[in-house]
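Both of the next two complexes hold chain A, though its partner changes from chain B to chain C.
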Partner chain A sequence: MANLKTSEKKSKAQSMGMHTEVLTGRTQQKFFNPDEAENFYYFGTYDVDFNKRTDLDVKEMSAPEANKEIDNLMSQGYGTIVIKNPQGKHSLGVGILNKLNLIFEGSLGYFGMGSCDGPTVRINGRVGWSCAENLMAGKVVIEKNAGSCFGAAIRGGDLICKGSVGARTGIDMKGGTIIIGGDAGAFTGFMMQRGRIIILGDVGINLGDSMYDGTIFIGGSIGSYGSDAVDAELTKSDQDWLKRKLKVAEIGENFDVSKMKKIVAGKKLWNYDNLEPTEKKGAI
Partner chain B sequence: MAKKKSKKVKTKSKATKVKFGVKKQSAREKMIGQSIGYRYDVNLLPDYTKITPFLKKYVEAMGWDDLNWLEDVHMGYEEGKPAVFCRNANGWVTIPKSIKLPNNQQDRDMIARELLVKFQMSPKHPLVDLKKAYLKF
Partner chain C sequence: MCGIAGLIHRGKSSNVGSELQGMLQALKHRGEDSTGYALYGDTDGENFIMRFKVGENVGEGSSSIMEDVSVYDERKKIVDQYLSEMGARVIKEERTLPYSLRYEIKYDAKDLLEFSQKLESIPGVEILSMGKSLEVIKDLGNAKMVCDRYSLDKVVGTHAIGHARMATESGVDIKSAHPFWGYPFSDVSVVHNGQLTNYWNNRRVLENKGMRFMSECDSELIAVYIAQKMREGASLEEGMKESLSGLDGVFTYFVATKDSLGMAKDTMAAKPLVLYESDDLVAMGSEEIAIRSVLPQEIDTYDPFDGEVKVWQI
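Take a look at the complex of A and B:
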């Protein structure tokens, strides 16, 4: 996995035969083959067909039972699953590491669609706190409003809310794109490290507070800027990308992106000392 | 009257060599003796005109409309060699020498995305062994 070197001096544990190598880096070379056969899915995931569709009524099920049943249906090759009566249950649809077309006919509670990697999800209702937390890849569309911490710590994929969202949207996000059709609350983009946030409406106070990197685009008014959040020039490339993304998000296709404000990190908070290089390497 | 010699100006199309691992240091970086920030411009938006046929197929197979999570993948470097960061394995995957890289970040990024998909979806990916050993459900 990592770059391993044989140690010359044997520690007590090594001389006892517990291990013979020490970890010296993170570079990986020997596993990589550029001529690898075309394979678009993770090893061990289910081969599902988008045209194979089924309904799942979760009214009488607990969240773990419902999630297990979704997994079971995927194992049978169902690529489109419609969830009936979610009734605001918490933690529905979490941990899906597969391509899948998932439709919720109703609203979700807290932590819906958390830790997913690949599915395309449509929620025809509202969502509670921390929707799609830690999303790795895929597309999640919410037709109505969302609670606080929307898209907390996401690392990739598109997270779209056609309505308005609460405070701390995109807190600690490390990649991906969050698109909001309405307004957003305070501390939007708080401590974000990379990725992009697009808000077509107004945004509350402390926008992009302590952001390390990444970009925020705002269509409406800004309550106030957070620490180290600064304006940047909106380029032609930005505008082209915004138009494309809003079309993909099915919202604001005719929105005048040329009038949007672009906010980035001022990088004044980038203060590290020599004690942190190892920690920093892990974060990059 | 003497004829003016019209000098032909030859424009040499010099292909500048890409030096991975070399970037300008800020005053703060010089002071603390280490580099700060990512190893590439994380805010660089993808140029969709450069998308490769493999990536088109991948996006289509996944049912997406664009590069999705791959928008955040860029060609970086590790120990002076071109490399792409694999978030699943938390390590840099160096690009084999046999692959010639174009002198353009957008094109290089597309190659990085393609190679990363091939790496992550490969049965030789290190997570496959871990999954076999530790998968609980």
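Take a look at the complex of A and C:
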């Protein structure tokens, strides 16, 4: 077993089993030379034209069939796709690693828009559990309510729900922003590691339970604080950022952000601040 | 993982058998070891309807022991004899399957506890439901199979709850299938999705108070727990609210009575539920696709929050 005390800083992460692997993908571009344009795209993604628009009726399709057809349309250069009759089907729109303007005329079931990187999505309905899980980049806007585990483990992008959401919103999130126009259930921000959550309404019990890092802003009442979630000072720059973000999100533009509560990790349970940047990268 | 679904029409009747079949079939990927229906039909309210079984379905996938079919007839004879002794008159008798029977009974009951205890003292006999509008039908297989087997698609009524089961902690058999009758209360039924971790502690307490358990399925505890609370004078809603602290574990469950339907969700909101509510209809299920089977048009639905209890009247 490696002796951690005597290891060089550079190799300490590897000794701890935290690999500084080569990251790929558009969202990780800060680790790359921006001139290497080819690294900004995944293999198998397409050049699409946002002005090229089409409708896709998925009423009689299974989720895999619908997702394949979306991929097929992107391969033909369609940059705006309107999905008709989603009717609460599960796993629609998953794994889109492309710039795309995607509109759902209706509601989605579980795992909608999971593992996406790049698309701009508007859902004119409700979403079930685990919407946009693992989102890496892009913007997903839900016009109505959302189920539990909304934005679980997202790494980037903006995830916006104009209605209310269920329990465990932003569980295990590692980046990005989640914005909720209504209320949120229990365990919001459970074990979140990075990123920001904004709730304009009330939130349930155990807010920010066991959070490692990240920030939660609450406009309404708080059911109770979770373990190691503590209040922090709402600064002027926080308020400026909140105003900008809510404007972009098209909700709460006139909301008085100065009265919002700011919740952060007390860092009694977990504390990665004393790790080197490369180690943090591996740990998170 | 199991799936639950329920609906209540307010101010009117509908084809609840067919509607619930559609909802449960949409959830069949959550489990199709067994499926159960609790249907609240349109009746004259004069007589009791008793659904009971004199044996188990021992078909493919069943965890029950094969029995000689002749024992079913013997058990039925004893049931008939006991009914006669207790002054209950059978108005109508149906035998859908060798092990499954439906009796329409004229009986002036003050307490169904004694009645039920007597009939269930016959080995192999279990009352699935007893009520003036409730009928519990449950068997192995998915929603469509059970619906076809018992011709449920034509049942008209005001409300219904149902369950698609993936057996995890007890056998694949009818006795462990949901819904559970809220013994000994007429017209009370329960379906549950989740796991209860203080099942045995609660069971011991309730058995000491004279309540009966027919299976080792943890979900049965909810029916017995709510029934006991009602016996002690609590309303349905009060009993359900008390269950949030009295029951430990993760759960979303529905309870239905002759004229109401309720839902409760544990304090961690660990089990899913999607709800649609309008002036004349409430429909809910583990997943939105269950609701979509009766309401395909665009509608507003939501997830109830943690620790939430709601009750609707017909």
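Note that in this section the second predicted complex is superposed on the first by the 228 of 284 C-alpha atoms of A that agree within 3 Å, B and C clash if a C-alpha of one lies under 4 Å from a C-alpha of the other, contacts with A are read in each partner's own complex, and residues count from 1 in each chain.
Quick note on the criterion: a contact is a pair of C-beta atoms (placed from the backbone, for glycine too) under 8 Å apart; a residue touches a chain by one contact, two chains touch by 3 or more.
Keep in mind that what you see is a predicted model, and the values were worked out from it rather than measured.
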Touched partner set for A:F187, first chain B, second chain C, both or neither: second
First (chain B), second (chain C), both or neither touched by A:E133: neither
Partner chain in contact with A:D209 - chain B first, chain C second, else both or neither: neither
Dominant toucher of chain A (residue count), chain B or chain C: B
Touching partner for A:H90 - first (chain B), second (chain C), both, neither: second
Which of chain B and chain C A:D172 touches, first, second, both or neither: neither
Touching partner for A:F50 - first (chain B), second (chain C), both, neither: first
First, second, both or neither for A:E143, with chain B first and chain C second: neither
Which superposed partner A:G125 touches (first chain B, second chain C, both, neither): second
Touched partner set for A:Y42, first chain B, second chain C, both or neither: first
Chain A partner contacts - residues on chain C that touch it in the complex: 267-270, 272, 274, 287-289, 291-292, 296, 298, 300-303, 305-307
List of chain B residues in touch with chain A within their complex: 28, 32-34, 36-39, 42-43, 45-48, 54, 57-58, 61-66, 68-72, 78-79, 83, 85-87, 89-94, 96, 98-99, 115, 117-128, 131
Residues of chain A that touch chain C when the two form their complex: 87-90, 105-107, 109-110, 125-126, 128-129, 144-148, 163-168, 183, 185-187, 204-205
Chain B-facing residues of chain A, complex: 1-2, 25-29, 31-34, 36, 38-44, 50, 99, 101, 118, 120, 136-139, 155-158, 175-177, 194-195, 213-215, 237-238, 241, 244-245, 248, 264, 267, 270-274, 277, 280, 282, 284
